Every structure is written in structure tokens, then in C-alpha cells.
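In the two complexes below, chain A is the common chain; its partner is chain B in one and chain C in the other.
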Partner chain A sequence: MKSFVRDVISTEKNEKKLRKDKRMRACFFTAALLSSSAIAVIVIFISMKGITPFLQEGVDFFSFLFGTTWRKDQGIYGVGFIIVNTLVSSFGALLLSFPLSVLTALFITKIAPKKLSAMMTTVIELLASIPSVVYGVFASGTITLLVSTLAAQFGLVTAGGSSLLAVILLLAIMIFPTITSLSITAIRAVDKDVELGSLALGATRTQTNFKVVLTSAKSGIFAGAILGLGRAFGEATAVAMVAGNKMFGPTFNLFDTTRTLTTTMLSGLKETTGLDYDIRFSAGLVLMAVILLSNLILNLVKKKVGNMK
Partner chain B sequence: MNAETIFHVDHLDLFYGDKQALKQIKMDIKRNKITALIGPSGCGKSTFLRCLNRMNDLVDGCKVSGTIELDGNDIHSTQMNVVDLRTKVGMVFQKANPFPMSIYDNIAYGPRCQGIKSKKILDEIVEQSLTKAALWEEVKDRLQESAFGLSGGQQQRLCIARAIAMEPEVILMDEPTSALDPISTSKIEEMAMELKKDYTIIIVTHNMQQAARVSDETAFFLMGEMVEFDETKKIFQQPSDKRTEDYITGRFG
Partner chain C sequence: MMQVNAAVKKKRKIKDACLNAITYLSSGLGAFILIAIFVFIFSKGFSSLGFDLLKGNYWSNNYLVSVEESYNQAGNYQAPADLNEGAAFSSKWGIAFVDAQDQNKDNVILIEYVDEASPFARLLDDSIKDKQVTLSAESGFQVERISYQDENGITYTAGNIMSQNAKELCEALDQADVIEQAYFKTPGGGIRGSILSTLYLILVSLLIALPLGIAAAIYLHEYAKQNKVTALIRSAIDMLTGVPSIIFGLMGVTVLFPVTQLFGATTTNILLGAFTMAVILLPTIIRSTEEALIVVPKSMRDASLSLGANQSQTIFKVVLPCAIPGILTGVMLSIGRVIGESAALIYTMGTYVNDAPHLLSQGTSLAVHIYNIMSSEQPNFELASAISIVILIFVLILNITVKLLSKKLNKAWY
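Now for the complex of A and B:
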């Protein structure tokens, strides 16, 4: 028999390739180290800047963390109500967006005809790629109008529509594509056999979708929720355009103005120095802690849902 | 049709798009027997099996014509709804497909879908079904644990228990042991022989010894046709068709 492959194989070359493997491993490691050290550097920098107001500028940590007023003109920096506002607006947005996103994802993956499904997937991806400042101008032009009209129905007056409700609606729209597209990916990855198994037991399409498909996809769906929540927590530009930056709180009234951690950090950042500048890093530190805790809570919720014990 | 017959199939044609996958199938499947469907890959035996609980409805471009009667009722008629049919005709798949839930919830799934909520009744269904599937002793202390923690063979028996929980008349098995080791396989075979007292079993298998060991009747499929259908003993000892003989003696397929 004529040999084609045997003659080409050279031990020397293969040894070279194995050495290359080792070099490549070092490459991967360096890349991973670089990216993760960036995170470490950010955390360390923010932390160091963030604690200076308490160590050097005489701000009381307790009254900072639980304070209900933020007035730079009086030098009062209380972030407590802002934490509550941030949680209310972000979880409010999640509450609105999550069910809508999951149902949309189910529709796109399981119910819509192929063409419509492909079209809608593209639309969702487009939505995800719109810059937040564009969402912001949209919100300040339309959502505020909607909110002030709605408020007028109840005989209320808003600050030109800038309000907690406007922030929640804006964030809900902004995180919708994130949660939806991750849910779509998760649902598409569900083993077809599991779905067939459910149908073969006489479960209807709807029962199958809710009890089996969503349960199987819940990991990915919750990853979407966590990313979406992260986006809601972290959004500054667009939120600043409709929040109204109230100086005290917390705000629970949907038609009242509000202030979130991000807008607090952002507004007037470039025109200030000293304590008013440094304290924004403290707010950033708090924001990171809030996000971390929220992710933990969502992960706990994930374990509880879907009968998985 | 006599009382012995549970499935009466006549002039059954099936097309996937333009391709004909089943040609004029005619079969009377007997109650409380194990019927084996054998034949080379792509011969239509699995397709035929999926006609019996209308799983082919889920395949795009699949067209079925002809008669399939379950207990004398046409399963394609408007009076028969597909959910009812599938509760009567359960199915076990080639690859064990437990749901991402606890062992308990896997078994309780079907009954719950039919609206059974009582914990007491569900407890009883779970125990009874697992016992029938010869799994109760192995899992009774870990019912609340994930079904994914079970071995492959246990998962497949769980899927059988899940089908049994619906109290079906027929259990369709699509190569249920092809991914299992010989010990797990023999457990499932033993169970099948036990189960036929209460249910009719129709099993697709690539394993000719398995067909010979467990089944009462065997049908040989080839290129979308049912070549021969008779008592298993007869098929394996004196097949009347030359093609059947060639296949079971390993001359092709």
C-alpha cells in the first residue's frame, strides 16, 4: 500500500509543536492576567480614593452610609437614600422587563414562524447595540412626556416628567434586549429531547414551555437577568437625563424625582474638586458593593426556582 | 378487528417533504405483548413508532395518510385529541431525557400536567411507578435530589417510570438500551417482560438478540416497508421472506 501520511510525520516537527503548545499556554495566561489585573487595579484605585473622605476629610462613615440628604452646597453627603433609590429603580426595571423578556424569548424561539423569528432576533440585537445616550434623549423627549401626561390624569405635577417612573421605564427598555437575547440563546440550547419527553407525556406546548424549557434554560435566563440588572445599576448618562437628581429621599413615589448612585457620581464631576470629588469614589465603592450583593441574591433566587432542590 | 388487537394500522403512508419514509404499512399490534420493530438504520421503524403517538406531528413537512386505530378509534380523527392520545401511549426515548428537576418531580410531572395536586396521591403515584420500573429501592431515600445524579441506566428506568405514572395502555420504546451497558440493558429487558402484564410494549431495537429475548412478535422493516410481521420465534427460526432471513443472519444491515 502506498503511504501518504506516514512519510510526512516527523518526530522533530511534532516536538516543536508541543513546545509551541507550552508557549501558547503562556500567551493565554498573560492575556487572562492582564484582563483580570485591570479589574484588580480598578477596585484598588476606587477603594483607595473612596476611603479618603473618611480617613482624611472627616466624613463620618455611618452618616454617609445611612444619610438621607446629599447637598454639596452644605457639605452633607448621605448616600443611604441613594442606595435605596438605585435599588428601587433597578429592581423596578427588572420586574417590568424580566417577564416581558422571557415571554418574548419564548415567542421568538418556540412560537414565531422562522422568518419572523429571525427578524425579531435582529431587532433585539439592534436594540442592544443602541448607545445609552440615545436611549437618554429618547426618554427625555418621550417617556417624560408620557409620565407627565399620566401624572396629570391623577392631578399630580411632575418636574417636567423627570421621575422615578421615567427612570424605571427607561431602564426597563434598556435592559430588555440584554435579557431577551441571553434568554433566546439559553432557550435555543435546551435539549430538544427533553422537550419531546414532556410532549410525549401528554403535556401541552404551554406546559412544556413553562415547566421544562424555562427550567432547563434558567441558568442562562438568570445570567441575562444579572447582566440586565448590572446594566440598570450602572447606567448613568441616560438615567441622569430623566432622574431629576433629588437631594433627599428615598423616593418611592413614582412621579417624584429621584437620584441614583451613578447620576450622583456623574453630575458635575468635571467642575468640582476636593471632598465633593473624592466622595464620588465612595459612592462608586458603594455601587460595586450593591451590585455584588444583588448578584448574590439573584443567584440564590435562581437556586430556588424551577423545582431544583 | 378482534379484542386482542390494540393498534390497528392500515395503508399507512408517511412522507417527509417529497421523500416517502413509510409505504403502505399494515399491522395489527396485540395487547399485552411485546412487539419488536427491527431493521437497518433508516428503514422507517422509528418513524413508524412515532406515528403511534403522533410525535411526527412535531416534524415540519411530515405528512401521514392511512389509518391508525387505537382501541378502534382513529388517532387522527378530530374526536381524538393529541394530549389524550399521548397520555394513553407513552414513550421512552433512545437517550434518557430526565427533566432538570428532582426524581420525585420527574415522575409527578405528567400527573401534575393533568391537574393532580394532592401530595398524598402524588406520593403514591411516585412510589408505585418507581416500584414498577424497579427503581424504588435504589432511589427512595433521595427522591428530592436531581435526576441528573442518577446513572445512565437509572435515568432510563426513571424515564420508563415517568411514562408508567400516566397509567398508559401502550409504552413505545425507541432503542431504549442502545446507550446502556449490558447490566443496565438486562435490567430494562427484565422490567419490560414484567410490564407487559399491564401494558402493551412496542420496542424499536437494533439489537437482534434483544428482539429475540424479549419480544412476542417481531416486525422487520426495510426501506420504509414492513417486510414481515409474525411471532418472534417464527421470524428468527423460519422467516418466510428471504430479506428477513438475510437481515437476521447478518448478511446485510
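Now for the complex of A and C:
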């Protein structure tokens, strides 16, 4: 922060005061440094712990990364199908939630009457503040029921409703407030002149909203989608309640049980040592890599999309 | 020409109306989901909610008891005047029972009242072999089984396992001459332990994260120059917000567990959970503090400095007091985060529900307690929903407070 006074304080007359100041500054700096080093500590320690199974306990790295079975009773750990499952469920949720979120954001910012808009904002805030376990309880009480009745319509049997479809629906609900609130911010930031220009050219209000406002806000909306996807990847407890933890895969059938990286890390936390425990860190490492890679790729796409005018 | 124009206009109008209708529909869907969640949780859990749930233990205690030899005889007792109408009183034994339902909606018999001179007030614990442990039946105990002998010395069994109700049990006891043995249970399924652990968690994690976060925010906003190091620190803190909580859990057990071992921890524990939560809370607190600092006008800092105060005095006596509403917002958001967090805590605190938690023991926060219930073979939806209601009420109160606080922040006097 720039100060007009600090630069002209006499350093000779106020030596003692300034020395004390320097000490305080060092304290504050240490706090900032500590806070920012947390991310480095996380990456370094989980990486170290995550690669020990490959170095010390003889797990083959390639069969781990591309394997299609995860049976801890037989000591077979293959994370490949779990990665695919995680991607399928998260992108499925995004596909479902994204249009709804954007339309809701547009409704709140441009279309709704003032009172309705304030009410919907509260709804979104409340949805965002509900903890994930509560979503989990809700999902295993209602969504699983919905899925199993739906499956019965097709003459299929599900494992009590625990299925890929249930995971997708749950995640879609959970990322809905995230994407919506970021889209709202993006739409609010659209230049008023662009809108007025479109209206002056004879477009109706609705045409302006859908063709001009949304196009100008697409970069921010895309950022919201990326954030929502990150949340979908990392969601653990709620998904664990409806996933069903299949031991092999990958799962593409909507009514079949599935297994994601996070549910794998959560399942059966009995031991605190040994390979079965260490391999969770490897799964965590894979999860971080998946999030990082998908963020990188999507950000590249976002740049491309943002540049097309 | 005019006619064509009208037709185009009509078509456009219909199209616009359709597009608008979709936005109404999609936001209606959002509202519907919220209502569905609330209706589901409240309808499932409301009947289980009550003071017994909040202050009761989760695990039930079992008492296998017999009456002390010298007192094991019938007497003649008076029912107290304020005894409940529905209670059945045995004047022979000085004890009253009521019918009730437990957490699983099964019928149970509860002790409503025990006379001070009653044989049931002088019991010996049979489950402990060598020692003589005396205890008294208390109101609220569940009567599973009472076996007694009648005048002819024949043993009978009465109580819940004979699927009797309170009145039948009372009538059976009136036949009794000597009480042989009784099996009492305290009702379980309460969440007092989890509430306590959650409070510990909130307190300790804020105690660590608050000073650290505020100091970091002060450095970033008041001292830091616009250079590469500052940008690096900022982006590192921002990156923390994108890390999924389960990864924080992994970090907790590897990096922070040795720290709690210094305090004497042997298993995963509440202190470890609090340390981990402190790291999770840091970005929230830093951001909300910084937002509050931005609002404080620069002229106030300059005025303080020109009056001869040094930078740290200015910060502590002028800037921070003005930023208190913003910091409080951060605190509220943090408390909400701690209450709702589950994945990180499952790793760092374990999933064992502890009725008497302390900092170095395992325990569950309310959210983890729900996870524990839901991951069992036959999940008890009623209990899970009841705890969810408790969490939701907490979160709602916090949200409202944040809204009021931010209004106050906007109305600051400067």
C-alpha cells in the first residue's frame, strides 16, 4: 500500500520506533510466508508419501496407472478405471449443471423482477452453504430412490440406487451454486454499453441477453465451470454415500455402481500403516494431478474461447 | 409489407417468451431442489430432534444388576403426587414405569421414578466380579429384563424382552416376592460428544488460524510491495482454496501428526483435526481480513502516522479496530466451514463416535458423525437427518449473521 507520510518520516529522529516497526514487519512477513508455504508442504509431502509404494513396496507404476481392478484383499491396485470414472461422473455433472446454472444466473441478473431476483440470490447462497454430508444424506434418501425406480422402468436392477447416475445427479446439484454465483459475477461485469448498443440496433431485450450478454461474459462463466469441475473432482463424503464402490471398471452404464478417486481414498480406513494405507496417498497424488491437468487444459480452451469474438 | 413485419414480430415474441420461460424453469428447479432438501431433512429428522438427542450419550450403557441382599423385599410405597399420569406405579416395589419409543421407533419401557427407599435404589453391579459396586436405578433407564421369584420360589421374567408394556410389567412385579436380577440400559443415540468435539475443533482451529491469517493479511495489504515475491505469496494462498479437502486430510496425517505426537497423541485426534482445519481456514480468513482492510481509508493511516505513531501502532490501534466487522465475517465463514467439513476430518480424527472427547482423543464432529451413521450397514436416516437439522440451523444462523455484519460494514462511520 502506498503511503504519503511513511516516506517522509525522519529515519534519524525516529530510529527506535522504526526498529520496532521492522521487528513487527518481520513477524507479519513470517505469517504470510507460513500461510503461503502450506501449499508447497502439501504437494511435497503427499508426493513423497505417494511414490513410496512404487519405490519400496514394488508396486508396478504402469499397472497402477492403467489398471482396471482395485482389490485390496488381493493386493491389486489399478487406478486407471477410477480416473476414467471420476472424469465421467464429473463431466456428466458439469454437462447437466452448466446450462441450468448459466440460465439461472441470467434470470437473477437480467430477467427476474427485483424481489424474485433477491429471493433467488438467497436460494443460491443457501445451497452453497449446505455442507456436503447433508447433501449426501439427502441423496441417499431421495436420489437413490429416484434412480432405482427409474431403473425398474427399464427393467434393470440397481444396487439400492447407488449408481453412476446418482453420483452425477448429486454432483450436479452440488456444483450448481458454485457455477451460478460465478456466472452472476461475470454477467454483472458485462459492459453496459455493449448491451445498449445491441438494443439500439433493434434487438429485443431477450435477444440481447442471450446473444450479447452471455457471449461477452463467457470467459467468466467458463471460469465458473472450471471451479465447479474442481469441486466435483474433490467431493468425497457425499459421493461415497451413493457411489457403491465397484471393484473393477470403468463404468459407463448409468445404472451400474461406480468408484471415484475420492471414494477410493475414503473406503475402509482401518489401518494406519502398510501398503493399503500408503496407496491412498498415491491415489491422492493422482487426484491432484487430474485436477491440475484438467484445469490447465480447460484454461487453454478458455483462452481460445475468450479470443473468438 | 406491414403484414410480414407483424408476422416476424409475432414469431420473435414467441421465441423470446420461450427463452425467458427456460430461465424461469431452470431457476425454479434450483429453488425446488433447495426446498426438497429442507423438506426431506426436516420431515425425516424432526421427530428425533429434542433435548435428549442434544445432551445424550451416543453409546448406551448396559447394567446387569441385582438387589442388595438385605433390602430385597417388598414394601409399601406411596406414589409421589407429581407422578406422570401415564406412568404405572408399583406400590410394592416403589418404582414407576412409562412406555416410550427409542431412536429406532421400537417400543421400550423407561423407569419414570424410583422411591428413595425402594430396593431398586440399592443395586449391585453383577457385571463386575470381585468388587462391590453399588448403584441406583435412575429415571430414564430402559428396562430390558427383570427376573423375579414369586411366593412359591418359581422364577419368572418380565420386561421389554417379554414384549410387555409398562402396565403389564407393573402387574408382573406385583406378583413378585424377591427380585433376582435386572438388566437396564441407558438410551443411546445422543450427540453430546460430537457437539463437544465440534466446539473444541472450532475453538482450537480459530485460535491458530486467526492470528496467523490476520497477520498474513496485514503483511499483504499494509507492508508488501508490488513485486514478484508478493505475487507468489498471493497465488500460493489462492491455490489453497482450490485444493480438495480430502487432500488436506492426507496432509494432516503426514505433516501435522508428528506435531501432535509432541503433545502426547498416540492415535489420530481432535487436536490434529483442528490443526488441519486451521490450514483449510487460512485463505478464508486472509481474504476476508484483506477485504476489510481495503475499506479502511488511507487518510486515517496517514493521519495516525503524521501524529507520530509508528506503522505497527497505526495498524493495531487505528486500522484493525476499523476492520473488526470484516474479520468477524471471516470468523463466521470459518465456523461454518468447520461445522460442514467432513472428508479432511475423517482422516485426521477418525470416525469413532466418542462420548467423552478431549483434545488428544479420537472424536467426531457433527458432520463426521453423520458420515459414520450413513456408512454403516443399516443407516439410521432419522438420526442422520436430526443431526443435519442441527448443522443446518447452525449454518443458517451464521449466514444471517454474516449478512447483518456486512451491512454494518457498509455503514461504517468513516
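In the analysis below, the second predicted complex is superposed on the first by the 269 of 309 C-alpha atoms of A that agree within 3 Å, B and C clash if a C-alpha of one lies under 4 Å from a C-alpha of the other, contacts with A are read in each partner's own complex, and residues count from 1 in each chain.
What we mean here is this: a residue touches a chain if its C-beta (ideal position, glycine included) is under 8 Å from a C-beta of that chain, and two chains touch if they have at least 3 such contacts.
Predicted model, so just to flag it, every value in this text is computed and none were measured.
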Problem - Partner, of chain C and chain B, that touches more residues belonging to chain A - result: C
Practice task
Please indicate which partner A:291 is in contact with in the superposed arrangement: first for chain B, second for chain C, both, or neither.
Solution key: second
Exercise for the section: Using the superposition on chain A described above, determine whether A:202 touches chain B (first), chain C (second), both, or neither. Expected result: first
Exercise for the section: Check the residue A:301 against both partner chains and state whether it touches chain B (first), chain C (second), both, or neither. Expected result: neither
Problem - Touching partner for A:216 - first (chain B), second (chain C), both, neither - result: first
Problem - Common interface positions of chain A, toward chain B and toward chain C - result: 204, 207
Fill in the blank from the handout: Per the touch rule, the chain A residues reaching chain B in their complex are 191, 193-194, 196-204, 207, 211-212, 215-216, 306-309
Handout entry: Of all residues in chain B, those that touch chain A in their complex
Key = 53, 55, 58, 83-87, 90-91, 93, 95, 97-102, 105, 109-110, 113-114, 144-146, 159, 162-163, 166
Problem - Residues of chain A defined as touching chain C within the complex - result: 1-6, 9, 14, 17-18, 20-21, 24-25, 27-42, 45-46, 49, 99-100, 103-104, 106-108, 111-112, 119-120, 123-127, 129-138, 140-142, 173, 176, 180, 204-207, 209-210, 227, 230-231, 233-237, 240-241, 262, 265-266, 269, 272, 280-281, 284, 287-288, 291, 295
Problem - Contact footprint of chain A on chain C as seen in their complex - result: 12, 15-16, 19-20, 22-27, 29-31, 33-34, 36-37, 40-41, 44, 211-213, 215-216, 218-224, 232-234, 236-237, 239-240, 242-248, 250-251, 253-255, 268, 279, 282-283, 286, 298, 301-302, 305-306, 310-312, 315, 336, 339-343, 346-347, 350-351, 367-368, 370-371, 374-375, 379, 381, 384-385, 388, 391-392, 395-396, 398-399
